[in-house]
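Per-chain residue numbering starts at 1, and chain names A, B, C and D are given in the order in which the chains are listed.
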Amino acid sequence: MRRAVEALDLPVWDCVSGLSRGPGHRNVMAHIDSEVKEECLREDLKFYFMNPCEKYRARHQIPWKLGLQILKILMVTTQLVRFGLSNQLVVAFKEDSTVAFKHLFLKGYSGIDEDDYSCSVYTQEDTYESIFFAINQYHHLKNITLGTVAYGENEDNRNGLKVCKQHYKKGTMLPSNETLNIDSDVETECIHLSLQVLSKNPQDWKNSSFFCLEFYRLLQIEISFQLKGIDLQTIRSRELPDCYVFQNRITYDNKAHSGKIKIYFDSDANIEECKVLNISGSIQKNTQYVLVFDAFVIVICLASLILCTRSIILALRLRKRFLNFFLEKYKRHVCDADQWKFINGWYVLVIISDLMTIIGSILKMEIKAKNLTNYDLCSILLGTSTLFVWVGVIRYLGYFQTYNVLILTMQASLPKVLRFCACAGMIYLGYTFCGWIVLGPYHDKDIERTSGY
Amino acid sequence: MRRAVEALDLPVWDCVSGLSRGPGHRNVMAHIDSEVKEECLREDLKFYFMNPCEKYRARHQIPWKLGLQILKILMVTTQLVRFGLSNQLVVAFKEDSTVAFKHLFLKGYSGIDEDDYSCSVYTQEDTYESIFFAINQYHHLKNITLGTVAYGENEDNRNGLKVCKQHYKKGTMLPSNETLNIDSDVETECIHLSLQVLSKNPQDWKNSSFFCLEFYRLLQIEISFQLKGIDLQTIRSRELPDCYVFQNRITYDNKAHSGKIKIYFDSDANIEECKVLNISGSIQKNTQYVLVFDAFVIVICLASLILCTRSIILALRLRKRFLNFFLEKYKRHVCDADQWKFINGWYVLVIISDLMTIIGSILKMEIKAKNLTNYDLCSILLGTSTLFVWVGVIRYLGYFQTYNVLILTMQASLPKVLRFCACAGMIYLGYTFCGWIVLGPYHDKDIERTSGY
Amino acid sequence: MRRAVEALDLPVWDCVSGLSRGPGHRNVMAHIDSEVKEECLREDLKFYFMNPCEKYRARHQIPWKLGLQILKILMVTTQLVRFGLSNQLVVAFKEDSTVAFKHLFLKGYSGIDEDDYSCSVYTQEDTYESIFFAINQYHHLKNITLGTVAYGENEDNRNGLKVCKQHYKKGTMLPSNETLNIDSDVETECIHLSLQVLSKNPQDWKNSSFFCLEFYRLLQIEISFQLKGIDLQTIRSRELPDCYVFQNRITYDNKAHSGKIKIYFDSDANIEECKVLNISGSIQKNTQYVLVFDAFVIVICLASLILCTRSIILALRLRKRFLNFFLEKYKRHVCDADQWKFINGWYVLVIISDLMTIIGSILKMEIKAKNLTNYDLCSILLGTSTLFVWVGVIRYLGYFQTYNVLILTMQASLPKVLRFCACAGMIYLGYTFCGWIVLGPYHDKDIERTSGY
Amino acid sequence: MRRAVEALDLPVWDCVSGLSRGPGHRNVMAHIDSEVKEECLREDLKFYFMNPCEKYRARHQIPWKLGLQILKILMVTTQLVRFGLSNQLVVAFKEDSTVAFKHLFLKGYSGIDEDDYSCSVYTQEDTYESIFFAINQYHHLKNITLGTVAYGENEDNRNGLKVCKQHYKKGTMLPSNETLNIDSDVETECIHLSLQVLSKNPQDWKNSSFFCLEFYRLLQIEISFQLKGIDLQTIRSRELPDCYVFQNRITYDNKAHSGKIKIYFDSDANIEECKVLNISGSIQKNTQYVLVFDAFVIVICLASLILCTRSIILALRLRKRFLNFFLEKYKRHVCDADQWKFINGWYVLVIISDLMTIIGSILKMEIKAKNLTNYDLCSILLGTSTLFVWVGVIRYLGYFQTYNVLILTMQASLPKVLRFCACAGMIYLGYTFCGWIVLGPYHDKDIERTSGY
């Protein structure tokens, strides 16, 4: 143990070693009171830089903080896993719904998106068919869909579809004598197809002038409609099903005018309050247990937070005592590096992690109670705090002699590694820019062929 | 050879070297009898820590154990390869049958499973068609299938299909005014379609109220039926063909209510006794040779087992003698590490491996004789024992000086490597949890796009 | 700083150290004038081999070149990124157009090229259908295409398609008695299908003797036609749209006579002047800003070019002074390696990079003004110069002590690495030749099977 | 140069250094004649172990062998590349033909083989259709195929198809009462469908009892036929086209009786003499140039062979002189390792390589003259010899000091690397066996799923 303490002494006394070590420098005329004070400070400093095991052996102090941290790891990880699993259900429902909508509304959808768009058409006939197919499927949705969806209302409280087309304002193209007159201003024209309109003879709306497209000046067509759905599978795992509003938008993108219209399908799924929903039957009331567990996590984190804050405050006081003593005795300031050694970085990490866990847990309880739907922020808070808690475990490994060597080696080699990365990064950046501009766009296909297959 | 023996001396006498080496510490008044005994023990110890080559040179002892181990490697590997090849036939038959069933009973099956499910449907019409297709194919199985399968009987001794549907107990959905009444209790309803029923006009059973599905409260539909098959290809390699019972189950899973019904196909193939099976013609009777071979493996493993057990018993006796002598002479206990050096870990490995081979070979003979069908356990036993036997070869490499250095280096560096892995593991675990919760579910599609294509 | 200078001294004075260092070697009778001159030269040399920081500290010289280089990095990178993005639009349009043409003119095109060809046919019927499909689609192009394309004119100023077939001059194949008479000279026959011809009854031209193919002597059929298109999307990002001439060529390649006709689709897109093009509406006039930016880049590069050239000229003059002094004083020539140290490689790199940037920027301005369309050369010039500029950053890293060590180590180990690569390259070359000839062609399929799936 | 020679001395005089170096051991009474002889031998030995550069400097001997080797590398590589390119044409023709046949004769062939088989069927109806499709396509081949193929004759000189089916001798399967009677002997039944038969009403032969398959006892059906083809593309690159006989065989494999019939397509393409083939027109007569080139390669290799053999013979003579001298003077035998140093391994390599090149080139000329078609053997000979020639280049690198160090280091570390590989290999072998048997067959699908996508 002695060796360990001396090893700790060395870094601390870097710049004052000449003074504190050599007894010949001491003032022989100093009061005994001062010597007692110095001895006391020396003891306190030694104790401060001990690790829990040594503290226990030295003053039989039980390592509460250590125990609390271990308990916290278990609790926080359990909470995270439970939250992650429940999140996955929500996300899977959204994605499955989007896939199902694509199969329902996109004609000839293969099941896999082509690139960032879902599918593409190359002829005028295919474009018309694809548009009319989507509208028709919407009309007969009730008899086709397998999901629990129903028609929703647009922003102007009307049911039905809204079809919008963007095109250049006016223009004529006479291919015979190679003339193109175009007005570069963009115009948007919309049509609203309510369910009443769709129920009539389809030839009526299909033959409207709106659907007579002039492709050479067409920029894009957008079909948007709202659907409402219910995620019933939460009945068994949680108490109340979530209601969703799907804001779907099919976009036929002809902005490139390259002869290929890309079809995008976007589905924004928002969780909304369910209006009329009667669930009968025997639902297990397991909500309170979850809330109790979350509350327990908060209590533990609060305890850990208080203990760590107390440690830091004590450390700052000790630093003040040490600085005063040093100034008094040697008439010199302690160098900055030694001052910073009093602030334990691990405690700061624990405090940040605790704060994040507490806020995250409160958010989680609010989500559970259907007051909030802010899944993303909650995920980031809980996830980051768990990362910090696990990284904090390394600190305890540092207490063992052999691990300590490992960690110190890594600390020492880090700047060299970073320096090398900076050098390599410069060359890489230059190479990337050069490669992108010289090889990139012109040989896309060749590169794909060599690497892609 | 001297150097090698001294090299062996060094590790053994770690903690007693001060005593045994320095002649000045010896009691000059010791009886000659004691000195003779000491010399004898010294000789025995030296001999015990020699390797086979040295033993042969020292006392011309022929290395029976070494020869036996080499023979065992050959035998065990041959046995394993033969068993593996015969297993592969069985497994290939099961898998090919499952693939064939999927092509027969799943409408629009592409030949590749989509994810963990085989295929999926997205519209009400497709769902009905898929169900009726499966039932129809079952009805006409005899005229369609290429395999040697026939109808089996359900658990209640009836032929035909069993179709079950699970749904929430009762419910109404009125999309017009956004109302959903549902009872969260789950109800299961079944129908039995015997071959007699299927032979009638299909419209009769298709129009039954059972097949009028309310998708908003439907949880899943399960079509289950039993088929019997014979694996005829074993006629040539083994003497008797295996009879199989395929318990097939097609599941239409709508639990997510996301508008996508996943279709699962499960086929449990069990080997059963063939009831009426007349094989005539010239089958080669090669079974007895296989049995003789297996018996020979068992005999060799038994011999190896006995020799190694004897070695360990002798070593324990030697240890006792050494401990007594040490206690008598120096009034001290031998430290634990030195005591453990008497137990040769390699012998323990060989004994475990032998026991596993013997049990595995007996199992194999029973399987051959059609008394057992426990392929899995037998595989694990034989496979693990072969792994141990091959790993045991490293021991003999350790007898050569140069390899020994290699092995000792690896032994010494192992704890450091493990320590590093522990550190890295902590960070990795934290990172995984954090990444899963923060990035995981929300950006599935993007990650797939960057990595998957 | 002293140490740094001495470190610089060491490499410079490699071969003259014995003379310049030891004061004992100096001629005591030298004139004071000479001594002053020597001291002055020594000072100049010291200053020349300083880095900017040291120069600033020594003579308070502000590092203009350093500042200019940093500004240049920013400017050149910005220019490159802007140029790259605008290029990508052009390239994407060309590629999308080619894909669209493939979908329009190739029957049964799957969307992915098979190998270097787009698709393939295996029967006579499919070949005829594929040819007639392409011709037919061309005929009805106006009603099919989604792009802004129109018929162009062939090189002989006629509209319509040109179909050419290559075949062996004459030949008969009588499979019954295994006779093949063939004339190995190749004959090319062409037919011109104008729009007027295509408008008639299709059976008229389909039944012409030209389309009666004798496959055993057919080498290839080529359908070529010209289309004109406009890239309208540049209206918003740049001021004027580009007009394109697509020279399309569908090739049915039967040269191998293996029973498989490979269908190639080539589309050469050339940017041409738009003849009659009226763009009205509010186009943002942002061209002048781009031109000003490019001009500013040229000015900066010119400044950098002049400063670096001046530095090199000064260095050469200093070298001359040094050589004269050395020859005068010690009657010896300075060794080559020391002479080369006067020419700073980094300056040469900067000069090359500057010249390339200036030429590239002028090209870019010409392209912008629609006088040139030489995108490729401009890309290579700007890209390579940016690579050099970024690589030049490493030089400044070399001024820091720690980085310098890194760079010197890399310099020292380079020859060893190259030597090892040469050795390995020899073996690899031999192995490649051997593997290609022995394994390559005969086992293509097996290798594909093991690696490709 | 002295140092280099001494460096060479050191390895040579390993075991005799004590004698040859110390002048004190010499016999003072030796005749002057003996001393002259010794000096002469010493000179010869020194010269023998020099490298070409040193030899040139020592005796101004021009390095003929070195020049010859460099010329040989160029010649042999050129020859190999030419041969490889011409081979690739042949192989590509064979493969394209096979792919074309698969598209012609296999119904529903997707273009990619499924596993080791081309496609598979799962129902009785599909099987019949697939068989009849293949026969039908064969019948109408002339009007379908794009290649220059014609019907060939079977081994019994009859045109047309041969359809064979293998099945168990007799058997009945009554699924109703689970009875299977089968005779395990295999019976083969064949039918010959000549073109005359096929020209009749298809229902005639389709309804024959042969095509009434009993799938439960069917093992396999084999359709075999011969086609003749001509590889016309060689007209331009070589002088005469090759004639091919394609022995095609479609196999419907039902040996597993798993309900899945795998369809294999095998096409053995053999080059045969073209019987009646009239090629008129202007074929370039470039054959003689190729033959002259090949002859030149043979001459060079012969020269290299003779020079190297002479070197080895001279070395053996020198060794004899050295041994005699040594025995005479020191009455001792030279140790084995030193004797082996006289035989230069590189010369042996060159001799083997030369012999292979000569045989390979003669084969190549015979192939060119259409006397032989043994492409494979010729490839192996030429390929291996080129590999040896390129590996031989390393020897010359060894003459440079720095490379020599590299090569010596590699030589020294080789045994350690091999030893490590042996150790790792043992563990890997054990692990492989264990993994194969325990995990392998039972979890095929899961492993595929995790790794395959």
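Structural remarks
The working rule: contacts are C-beta pairs under 8 Å (C-beta built on N, C-alpha and C of every residue); 3 or more make two chains touch, one makes a residue touch a chain.
Everything numeric in this text was worked out from a predicted model, so none of it was measured.
Distance from subunit B peaks, on a Cα-centroid basis, for C.
A rotation of 90 degrees, rounded to a multiple of 5, brings the CA atoms of subunit C into register with those of subunit D. Although subunit B and subunit D carry the same sequence, what matters here is overlap: shared residue numbers make up under half of all numbers found at their interface. Chain centres here are Cα averages; for subunit A and subunit B they lie 39 Å apart. Chain centres here are Cα means. That of subunit A falls 56 Å from that of subunit D. Taken residue by residue, subunit B touches two or more other chains at no position, since every residue touches fewer. Here the touching chains pair up as A-B, A-C, B-D, C-D. By the touch rule above, subunit C contacts subunit A in their complex via residues 77, 80-81, 83-84, 87-88, 90-93, 95-97, 99-101, 103-104, 111, 142-151, 228-233, 235-236, 274-283, 376, 379-380, 382-384, 386-391, 393-394, 397, 402-403, 406-407, 452.
Interface residues of subunit C, counted against subunit D in their complex, comprise 114, 121-125, 127, 168-169, 173, 175-185, 215-216, 254-261, 416, 419-420, 422-423, 426-427, 429-431, 433-438, 440-442, 444-445, 449.
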